[in-house]
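Before I ask anything, here is the structure I am working with.
Order of writing sets the labels: A, B and C. Residues in every chain begin at 1.
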Amino acid sequence: MKSGSSFAVRWLQATSAIFSKDIKSELRTRYALNALVMFVITTLSIILFALGGEAASSELMCGVLWIIIFFSTMSGMSRSFVSEEERGTVLTLQLMTRPSTVFFGKLFFNFVLLSGTNLLSIVLYLVLITNFVVRTPAIFIVVMLLGTMGLASACTIIAAIIAKANTKGTLYPVLSFPILLPLLLTVINGTLLSVEGAPFTEALEEVQILVSYFVVITAVSYLLFDYVWKD
Amino acid sequence: MALKLLLGLWIAAIIVVGITFPIVPVPQAWYEFPLIPGLENKARIMLFHVPMAWVTVLAFLISMGYGIRYLVKKNIDDDEKSAASAGLGLLFCVLATVTGAIWARFNWGAFWNWDPRQTSIFALLLIYGAYFALRSALDVEEKRAALSAAYAVIAGATVPFFIFVMPRLLPGLHPGSGGSGPLMGGTMNATLRIVFYASLAGFTALYFWMLNLRNRLAKLRTHHESVGG
Amino acid sequence: MTTFVLDGRGLKKQFNRRTIFHDLDLRLASHEALAIVGRNGSGKSTLSKIIAGVLSLSGGEVTLARNGERIREEAQLEHVGFVAPYLQMYGEFSAWEHLVLFRKIRGATASDEELAALLLRVGLLGRKDHEVRVYSSGMKQRLKYACALLHRPHLLILDEPMSNLDHEGVEMVLALMQEQLATGMLVVSTNEERDTQFCGKTIDLNVFSDREGRAR
């Protein structure tokens, strides 16, 4: 017989168990972490070489920052679902818990992974790109946080979808990019505003869009996940 | 049979009318189109480009609808219909993008400008491409149906963002964007309006006719496979 | 006494328009065991997974009821234990970590002592802290039994129960089967007669396909 704890408590327990399993597994094998860190460093190096010491406009550098973030996301964020498929542990999880715990556990894992990667990208960017100065930090922080949330949300459901397909690697960016377009455009705009030193009130529209994007995509993903995950 | 011929004549008539009716500053005769300042002869493409763009969106919505129906009822025929509609949507999307780019070249100088509507139709083209790339990477019918339906729904969830959000964020070059009001309503005279709506109806009918053909073909194919093949 | 009943009417499964089985009925009550037999490719694993609730049906439904009351689909998981050769474990975790993790995911109430006793029962207590990566296939199979039993499921489903097991392992599983029958239900999917010796009921999937795999 089950203990007296409520459904919500057990749901949270299961979700956090999935989350910690993924974290623990990642720390031991470091598959995604290695790919992500190396990707950020490599891409940034290429960009610095390409600039050749010339200072590019800060508008351009805002866009480039998000190019780095987008492609590093593509290189490492599908891991949490693809590894379960490749190792055949999907059945193991299906036997133990309802799909929603897997979805939210891995969504949170992806968010943590992406936050770490983006933090690295941002720090390196601020240090190495001299004319990239954030004049309104409030906008920058909020836009980055909400952008990472939206990115994690969209990339989690797409990862769940492509994990079941044959050509996972190339399919991931192909499916993700159109879905992410509204997010990327908004986020680049917001970053631009923060670099120009605009007051926070000017970025309210971007913030609204980012919040609604995250809510909509997460809600739709949650509703669809059962159909994607279950056989 | 008669309907097919009627459709063919309808579309032919629209093409002929669209190309030949003269454009004059102050239309007097019933067969004359008004001159829209800044567009002149280039306005003709509006009769074809807008209906194509409309049909590609319609096709996507119908594809998504059949996808949802599959997820609920698990009837594989719904998935076939979803894919059939998406295929037509892709066709019309390519046509709309190309006609749009031609217009852009003559109106604004370059084939591509990243105006919000141009970006949106491009995004829709990418979504269609992604949809078919996903389908080709899945062998098991049931999985292919479920996953492509799921992707269609997620893509559908981002459509409101394209429609409402993008024009607010990006400056628009399109007639009717950036606060200049819908061009279609204001400056069309009766003749142009009739031909425009006729074209809209014609292309929509063309889409449904082609969809019907594709669905019937799919049904014949599965019947053939299950009986003998 | 709690009694469970597993019930299935008009079960049908199709893959890519090929029918694996149709019009299949089954019924199992507490202290009963069901054998699923059939040649390779006849759908034994498919049916096992369907009964476990991890694979959907094309027609009909399988229900589990406790004391006459039907258990909701999502709640069925806590009453089912499943072992199969295609079930995989996480190579980077140890046996002990598996049990602790799975206990948390399932929300099961087994204490640490009970988990240790389980590992002892399946003969893995001495190797409990080694990563599963270095286990032999026989040891992995034993771990699967531990994982399938940690939540004391009423319904135990075993697909090819003796795969990768040595003589001792086989004896262990036969004993586990008897224990399971004493407290719950058992489903065994296999072609080995030795493995189905406790099964009172049988489903033969050979009736649905001929030797070349063509549907009947």
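Criterion: contacts are C-beta pairs under 8 Å (C-beta built on N, C-alpha and C of every residue); 3 or more make two chains touch, one makes a residue touch a chain.
Since this is a predicted model, take the numbers as computed values, not measurements.
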Self-check item: Chain hops separating chain C from chain A, counting only touching neighbours
Solution: 1
Quiz item: Once you count every C-beta pair in contact for both, which comes out on top, B-C or A-B?
Solution: A-B
Exercise. Let me have the rounded angstrom distance from the C-alpha centre of chain A over to the C-alpha centre of chain C, please.
Key: 37
Exercise. Could you please state the distance in Å, as a whole number, between where the Cα atoms of chain B are centred and where those of chain C are centred?
Key: 51
Exercise. Give, as an integer number of Å, the spacing between the C-alpha centres of chain B and chain A.
Key: 32
Exercise. For chain A, jot down the residues that touch at least 2 other chains.
Key: 231
Practice problem: Can you tell me which residues of chain C touch two or more of the remaining chains? | Solution: 56
Exercise. Under the touch definition given earlier, write down the residues of chain A that touch chain B in their complex.
Key: 154, 157-158, 161-162, 164-167, 171, 174-175, 177-179, 181-182, 185-186, 189, 205-206, 209, 213, 216-217, 220-221, 224, 227-228, 231
Self-check item: Residues of chain C touching chain A in the complex
Solution: 49, 52, 54-56, 74, 77-78, 80, 82, 84, 86-93, 101-102, 104-107, 109
Exercise. Quick one: which bits of chain B touch chain C in the complex? Just the residue numbers, please.
Key: 74, 76, 140-142, 222, 225-226
Quiz item: Quick one: in the complex, what on chain A touches chain C?
Solution: 1-3, 5, 10, 13-14, 17-18, 21, 24-25, 28-29, 87-89, 91-98, 101, 230-231
Practice problem: Note which residues of chain C are touching chain B in the complex, please. | Solution: 15-17, 56, 58
